[in-house]
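Right after this note come the structures.
In the two assemblies presented below, chain A is common to both, partnered first by chain B and then by chain C.
Right, the complex of A and B next:
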């Protein structure tokens, strides 16, 4: 069986709070967590995409996972709340700093585009409002085929009973369409007391209309496939990966100093160039 | 068959097969409160759990019978017994309980088993020396 993961811990500027959340996650038995940075572009002015704080700056000593005697693995994740198609820029260099990339579409059209074409790992389902659109079979099946997963987060359901209604209703309507495949359950917790153990979440999945097996996969093996999907996103079809070498060799002299945001490993682009050569 | 034959036979063993039919499930839960100095009596705890059941499943859910077998006030750890059929309901309402008297709280479900004896030890807390 695959290890447990919680791929959504909300980023807070309070370092101490974030540390205690990660510690609680490790104590509950999660082997991998992702710290989530939410980016919500507004129409009025251009905002900068947040850049992730390196993990070793956030947490000095990674806590040991309960029962595994191994330190917890912490990833970075970016969630883009989209209300317009221009909010997601494919191949944006800022996205490459993050291990996982998620979008939260707010309209029917964007949901369709996110499922069928966007190069992302996770599609977030809104749990704080009544579903603004209806899940159609075609885009959902398309997403399942491409290996993109849907995420339902549960901490809103713990905070407030109205949110709980929306969470359950939206989750059940998603499960009706995707039949329990490619769904992950995550916390979106800001405080340690909003986290729940992996078996609690499995049980909660039953409430959302998942079967026993799917509910357990939603916290374990589906999460693993998301992380692997994210790794292949950075490489050319998962075969070739490029990385910058640390040493300043002569062949890198023509590269501009700010290589990270202009010509960093463009793995996907290289794939299209192959036939030309 | 004569009575003498019966005597010669070895002691009868009865084979019992439980096909997931154990009537009860037992849970060991621990309540974690934001303010650790809050005291909670056994009656308060049961009332709190019932209120959680009621908010998630309504009046019908609150009618679910479960027992608080043992409760340790110092560590806020309790043993619950519930009908196997009501396990999912009780567990999910414990999961979704998030506040006790306007302070954040969380139920940590430590162990769940169909056998009470299994709750005597926890393999995850073993200290192997």
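Right, the complex of A and C next:
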């Protein structure tokens, strides 16, 4: 049994609901989940980027993962819905509070830019509408080379039959272009009953045009490489990380890579996090 | 010797309110699966689902279901299961979802897996007992069960009795 992750649980202000979603995820066997904050800038007025609520405030006690003795790991994630290139500000300080950074481009140009240049971890594919642009080989291949992944979320497909058509159509056209590599399947669930078990999701990948192996990777190893990629974004090539020590504020510490991602053994590390990243 | 090959899916029904599980029966589950397959795969799926599809076993206390599918098309039929959001039974709609735990070639391997799984659940839940008395009660219930029923019933009964105490 491999380690399963679900990198998209919608944030709701209702603490109890969120807690029950995380508990259900732990019961289903997901060992890492990410709570997703959606930020949709509009042209008219300036909005603030949501700041993440600390995990220990949201959830009192982390539930133990099914089949393991470790408690579930919860991350924060920001998704920016982009309709204009000014919406993504590289190196913004607000982004640093989040563990994962995702963008959802809505135009062809932005998709190209997100794939080729933006320093993000995940590119979301919209599943609630007809795709506004075609996927082209060049940007998709560029994203695969850079280690950026594409995300397809399935809970819209569960809610509604029209959404199901859009989800499957968009997913299949994506899989045609990227050949099943660098894709993750996540839930985007708001309620506990919108989650599905990891094996069911793997099989759902069949409908989305993934092969057996790719579908399994979409819920396990690709997700892990995303999390590691996110860590390299914050550190210098994943080798050096700086943090402020409590006693002297100016003192900088150097952490070996083993400390940065101590959970993953070095041999199982994803191939994307080479120093040029 | 040649035999007809099937796949048995061991699924767990997850509901928000555990007491509503007791309302379920085989026919309701089978109707829900058939409807979901017809919805996602149309007539073709419905046709495949009418050959040798069967709900072999349903434990209304723990929400464990065994589904039998023909081996040739079980992946197609399985891919419809995530789209089930509720089961209609006795005039009520129970919101729930299927979580597949195991796929087996024979019902025996599924049973073996289920016994192991239920044992695991017991170990997970036992620390949630609040007092020592509760723990003792659970232990007693387990010992009583294993004397009377068969091996499998024993494990499921123990599971159920333990849940009762949690609430």
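Points worth noting:
The rule we apply is simple: the second predicted complex is superposed on the first by the 245 of 277 C-alpha atoms of A that agree within 3 Å, B and C clash if a C-alpha of one lies under 4 Å from a C-alpha of the other, contacts with A are read in each partner's own complex, and residues count from 1 in each chain.
The rule is simple: contacts are C-beta pairs under 8 Å (C-beta built on N, C-alpha and C of every residue); 3 or more make two chains touch, one makes a residue touch a chain.
Predicted model only: the values in this text are computed from it and were never measured.
Overlap between chain B and chain C is detected when the two structures are superposed via chain A.
Once the two complexes are laid over each other on the shared chain, residue contacts for A:64 go to chain C alone; chain B is not touched. Residue contacts after overlaying the shared chain place A:164 against chain B and chain C alike.
Using the contact criterion defined above for the overlaid structures, shared-chain residue A:200 touches chain B and also reaches chain C. Common to the chain B and chain C interfaces on chain A are residues 28, 66-67, 157-158, 161, 164, 193, 195-197, 199-201, 203-204, 206-207. Only residues 28, 66-67, 157-159, 161, 164, 191, 193-197, 199-201, 203-204, 206-207 of chain A touch chain B when the two sit together in their complex.
Touching chain A in their complex are the following residues of chain C: 12, 14, 16, 39-40, 75-76, 78-79, 81-83, 85, 95-101, 103, 120, 124.
Contact residues of chain B toward chain A in the complex are 32, 34, 55-56, 88, 91-92, 94-98, 104-106, 108-109, 112, 124.
Looking at the complex, you find that chain A touches chain C at residues 20, 24, 27-28, 64, 66-67, 154, 157-158, 161, 164, 192-193, 195-197, 199-201, 203-204, 206-207.
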